[in-house]
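First subunit A sits with subunit B, and in the next complex the same chain sits with subunit C.
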Partner chain A sequence: MENSFIKALAGIVGAPNTLTDPESLACYGYDSTPELQSRPGAVLLPGSAEEISQVMALCHEAGVRVTPRGSGTNLSGGSISFDAGVVLQTSRLNRILEIDEENLTATVETGVITSALHREVEAKGLFYPPDPGSMNISTMGGNVAENSGGLRGLKYGVTDDYVMGLKTVLADGDLLKTGGKVVKDVAGYNLNQLLVSSEGTLGIFTEITVKLIPKPVAKKTMLVHFPQLEQAALTVSHIIAARIIPATLEFLDRVTIKCVEDYAHVGLPLDVDAVLLIEVDGHPAQVEEDAAGIREICERHHCSFFQTAAGPEEALKLATARRVALSALARMRPTTILEDATVPRSCIAPMVKLIQDTARKYDLLIGTFGHAGDGNLHPTCLTDERNPDEISRAHKAFGEIFEATIAMGGTITGEHGVGVAKKKYLPKLVGESGLRVMRGIKGALDPKGILNPGKIFSLTSD
Partner chain B sequence: MDYVKLINCMRCGMCLPHCPTYKETFLETASPRGRVALVRKLQEGELVESEKFLEYVSLCLDCQACASACPCGVNAGELVAEFRCESKKEKGLSMMEDLVLRKLVPHPDRLEAATAPLRLYQKTGLQQVVRSLGLLKLFPEALGRMEGLLPKLPDAPLRQTISEVTPAAGKEKGTAGFFLGCVMSLIFSEASLATVQLLSTLGYRVVTPKAQKCCGAPNMLGHDLDGLKEAASFNTDLFDSFDLDFVVTDCGGCGAELKKYGQHLDGERKAEEFSASVRDISEVLFAESEALAAKLKPLPLKVTYHDPCHIAHCQGIRSQPRALIKLIPGIDFRELPEADACCGSAGTYNIEKPEMADLVLSRKVQNVQKTGAEYLVTSNPGCLLQLKKALSEAEPQVRVIHLTELLQMSMNA
Partner chain C sequence: MENSFIKALAGIVGAPNTLTDPESLACYGYDSTPELQSRPGAVLLPGSAEEISQVMALCHEAGVRVTPRGSGTNLSGGSISFDAGVVLQTSRLNRILEIDEENLTATVETGVITSALHREVEAKGLFYPPDPGSMNISTMGGNVAENSGGLRGLKYGVTDDYVMGLKTVLADGDLLKTGGKVVKDVAGYNLNQLLVSSEGTLGIFTEITVKLIPKPVAKKTMLVHFPQLEQAALTVSHIIAARIIPATLEFLDRVTIKCVEDYAHVGLPLDVDAVLLIEVDGHPAQVEEDAAGIREICERHHCSFFQTAAGPEEALKLATARRVALSALARMRPTTILEDATVPRSCIAPMVKLIQDTARKYDLLIGTFGHAGDGNLHPTCLTDERNPDEISRAHKAFGEIFEATIAMGGTITGEHGVGVAKKKYLPKLVGESGLRVMRGIKGALDPKGILNPGKIFSLTSD
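Coming up: the complex of A and B.
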């Protein structure tokens, strides 16, 4: 990147917020995605929407590419700049602007950390349900761009279901305002929804207005052991079929259970195929009724043990197994490849079985845990990046797992986004017409293709 | 340095919200994940050890909050400390580091002699004069900051005045070896006396070996590994020569270091056993909760607790100090927001990196203000020094005391 151009950028955001030293560039060449690595041309930390707008106008004029980034917790390579462009980190825009108790909305700047919003709204007896695993550090802007999910997705939906309004800087620096505080709004195309999950390719959010709901008053947590995988999976489908919608319905397979037990000693059984962590919340009477219904279904499907937490402390203890799943797996081997295959809920059993068979076929250690209630599984492959043969087998295995996911009517990503990691699977999922529409939208909003280039799909059909 | 430890980092970012310097800067290079990446890239030959590189790496407070947060078991703080150590070995220490970390602090006699003029300085009222005339501005900045941190010193270091054996009050149920930290003995002798009194009241005979040396933490900081081993070996033998049930300390930093003697002496059995016998005072008192509760009298105070890094992150002790405070009848305990975040003291960090230390400290002070507490309790001398100074300026009505002092207050109420 030319010195004069960097000077011009520094003129907008200030010299201390313009980084070009090799150390900084090296540290902004990765996010949480394994194996991916690059080196941007410059890193900017703007302090306002106005500065972002000016930066974009300048970059648009010069044809310089811009990759937006929050805390860099992306798992599909979406916040890595793969050419010598600009990485634009939004962390300094971190104010909670308003919690509107009359309209039940919150308006935040894009760099606000998700759990910080949780804390503020819950202090007022309100609730912002999306709770991605990275919520203690991921930014709201990143959550919206990736349409993040979380453990409460089954009952409460994902980020998309809560975004009411956005302020977005477009590729040319123009400011676009979409949606707002109105609950009903059908004026024109739903641009708000279009921008959610656009993975930073259509614009950079500066302000986000989300819907809040009342905080559920009661909660019950259960941990259930299943000697047979099929029975655990059937239980998931039958709970849903019985019209009971738990807030959380999480799954851990045998490999994960063993790792969790080895690491955390929480008293999990080592002779079962699966455990389910189930949480119901809402009105106390409803919670009691749902919990009783769930127990009946679990017992009908031959669970070997059914445990209900007596109080919040015990609930936390039960949930520990699920909470430490990633930790436990990640400590096993140096390189953790965490994937995101999502199938219709009726396909959980065949999917988990297929993952286990594929792991055996390629001689890999894959543990599967995830949000069984919404079909979103995280097969996690434990490898060593210094072993190219093992890494290549891991890629082959995931190739087959994603093929099967699509064949089952599932999707290649439930909450991590396509980014670059899943790009090659997208054409199979959305087809030629899907790609044509997406390319058309991209071309209309970012004609020079400077916003987060190379992500989701290629601009040309080569 | 072990390359595997570096590649174990999966870059998930879970450490970022726990890192005091990341929270202030939002810079990847000032985060644990970033520091691991920097050291890794240096090893891989992608970066060189430039001045900027060392500046980034030296911004780490080594509070080890990142280690507590890491899913993969990577200890970024320790990796960085190890790197700095290796780097210093090649480059040598600065004069200041050499003086403080190697020549002064590890030797209790020298340290006590060196602080004698300070006692005089305070006693004669000279300190008052110097401070009121603003003469500190004439000193080099680092010295000025050191002087500014000093609270009123006791008349003599505790190591010199305490009797080697303090008998148990009432029926004796065991013997505790007391490890006196240098700063505790020099400056916070009242807290250490409270520690001894509590132990004695609970039925322990307390042996305080006069010959004990520094725990060795400053040697580690100064990359004097031989000195560290020497201290570990000396203290192990010394305490071993008494018939002790356990060794107790009321200094978080010493406790963390003593618990690593086994590791420092390459798994030597005697050292392993010594390390296994070391307890922080809160661990001992917590185990004696029932007996202690019977002796505590009501204190109607609003109290909050700051977790020292060396207690919470290095020793994993979090619930015991809180439980002990809540044992006191009438206490209104208020949890401190971000209680286990570093206060910015971090050894000599507050002198070497004053700007960052001040940012980290002012966040701590704001959090203390949010609690509305009248007493801030903690249990590490570095934190006590730093927080006493900061709060005497920002919130003079808040008293900063050691955990054992609070318990003693309740006992003597």
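Coming up: the complex of A and C.
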């Protein structure tokens, strides 16, 4: 990147917010995705929507590529600049602008940390349900760009279900305002929901208005052990079939259970195939009945242990088993490949079995946990990127897993995005027409292809 | 339209499904929008997705314009062909293909009647919440194209919130499959939600997969009279502020009350400003508490009458007052202009007042009813299209009403769509950037501009 151009950028965001030293470029050269890194040409930390708009106008004119970045918790390489372009880091736009109790909305700047919003709204008896695993560091803008999920998706949906309004800087610096505080709006195309999950390829969010709901008054947390995987999967299906919709219905497999127990010593057994973490919430009477119904279903499916948390502290302890799953797995080997294959929830049992068979076939250590109620599993391969043979086997294994996911009517990514890591699987899923339409939309909004280039799909057929 | 071209179309859908006689062309020349009609060149009733695809391929090649049509209940002129093109009527694709109780989804062909789906899923203890006023005649494809709302939107959301998968025929006849039965899917752009509410301008749906939820077990219906409008509006705000989310929170103003009583003799008083119809549903204990809380809030705001339905039959009777509102108003004068201005729900009181003042200013009879909990009002002007002076005053009045709606942070259409009827107000709402992005998307998906041309926005700046 030319010095004069960097100077012009610094003129917009200020010299202290324009990083070009090798240490900074190295730090911003990777995100939470294994195996991927690439040094950007410059890192900018703008302080306002206006500054982002000016930066984009300048980059657009010069044809310089820009990768927006929140906290870099991305798991598909989506926040890495692969062509020495600009990384545009949004963390300085971090104000919660308004919590509107009458309209049940919150308006935040894009860099607000997800859990900071949780705390703020819950203090008012309100609730913003999306709770991605990275919520203590992830930004709201990142959540919107990736359409982040979380543990409460089964009952409450994901980020997409809560976005009501956006302010977005487009590729050429133009400002776009979509939606707002109205709960119903059909005036023109639904640009809000198109922008959600566009992974920074269509625009950079500056302000986000989300829907809030009343905070559920009661909650019950249960932890259940199953000697047999098949029975745990049937339990998931039968809970839903009994018309019970838990807030959380999470699953850990045998490998994950062992790693969690080694790591956190929460008292998990080492001789069971599966553990389910189940949370129901709502009206106290509903919660009681749902919990009783769930217990009956678990027992009918031969669970070996059923524990209900006595209070909030014990609930937190039970939930720990699931919350630490990724960290517990990650410490086993140098490299963690965390995937998010998602199938219709009726296919959970065959999917887990297929993952385990595939791990054996390629002699890999894969632990699986995830959002069983959503059919959203996290097969997590524990490997070492310095071992090319093992890595190659891992990629082959995931190739087969994704192929099976698609064959079951599932998707290659339930919540982590396509980024670059899953680009090669997308054509198979969305087909030629799907790709053609997505490329058309990208071309219309970003004709020069400068916004987060190379992510999701290539601009032309390869 | 040339005879040889009509012959080619008939070769695809069959001669009996190709209508060109003057009577048919007249019948398909209008929808439920007042003041608008235009005779199409031909009406086709295809019997399959494959036939729709072939029709589109042929029309695309020839540059012939196509307007998709469900049951013609559209209120913004969206299902009228204004350029002697083809009307493509989807009513023959009317099979409910599957109700999947394990994954809580229903898959239907595009021409299935909304209430037919309701009946089918409710028989299985499941629930498809969207219930637009026209649900007994409207098609699911039409509901998706317009993102239809209904009386249960406050708690349950609208059509958009339930669409999981679509099969769509694109402008050139290509088939596009988006989404499916997975509850979480972030693989590429959210084309599902872009296609919802695109008003037939981006593609023609052939198959729709929607999310189902468990049917609420208990329900309570309340009818409340308020001598003063202001107090009714405050009641709406305070119910939400008390963290109670009714399934239904509907409003009738004085004009509407009088018309409903004249028409249906349901025992409404003629000396009150407002009636609220409120329904809560869910767990019986929750329903009891919510109803008690609502009663307390209504009484605090000086309601003059509060009735709770004793059972389902009485509930139906109470709901009649709201369900017949449009019919009751429509019979007063030859022409009914039904609008759907929508504001943040905190602005209900000033909005209703503004509508009443505007009616007085232009010497018009406007009754207002609607979804108060959503901020979605239906100011309904009772007029006569043979009286050009009155019609001109009506348009001026609605122009001012929409201007005020936008100024309050609202939208020009909450559930009826833009079509042609509200095209002129869209630029003010979405701005130049919004229009540019929408035009870009339209151009990418339908470069020849043959799909429902002239709806929502013009392809070029006028």
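Everything that follows uses one rule, which is that the second predicted complex is superposed on the first by the 462 of 462 C-alpha atoms of A that agree within 3 Å, B and C clash if a C-alpha of one lies under 4 Å from a C-alpha of the other, contacts with A are read in each partner's own complex, and residues count from 1 in each chain.
Throughout what follows, a residue touches a chain if its C-beta (ideal position, glycine included) is under 8 Å from a C-beta of that chain, and two chains touch if they have at least 3 such contacts.
Computed from a predicted model, the values in this text were never measured in an experiment.
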Touched partner set for A:G431, first subunit B, second subunit C, both or neither: second
Partner chain(s) touched by A:M1 [first = subunit B, second = subunit C, both, neither]: neither
Contacts of A:Y30 with subunit B and subunit C, given as first, second, both or neither: first
Which of subunit B and subunit C A:A10 touches, first, second, both or neither: neither
Subunit B versus subunit C as contact partner of A:I96, first or second or both or neither: neither
Subunit B or subunit C, by number of subunit A residues touched: C
Subunit B versus subunit C as contact partner of A:D21, first or second or both or neither: first
Touching partner for A:V266 - first (subunit B), second (subunit C), both, neither: neither
Partner chain(s) touched by A:A57 [first = subunit B, second = subunit C, both, neither]: neither
Subunit A residues contacted in one complex by subunit B, in the other by subunit C: none
Residue ranges of subunit A in contact with subunit B within the complex: 19, 21-24, 26-28, 30-32, 34, 45, 71-73, 89, 91-92, 111, 113, 115, 134, 136-138, 324, 326-327, 330-331, 334-336, 385-386
Subunit C - residues contacting subunit A, complex: 100-104, 125-126, 146-147, 149, 153-154, 158, 160-161, 170, 174-178, 180-191, 193-194, 196-198, 202, 213-215, 237, 240-241, 243-245, 282-286, 289, 342-346, 371, 374-376, 409-418, 422, 426, 429-431, 433-434, 436-438, 440-441, 443-445, 456-457
Subunit A partner contacts - residues on subunit B that touch it in the complex: 4, 7-8, 10-14, 16-17, 26-29, 34, 37-38, 41, 46-47, 50, 52-53, 56, 71-73
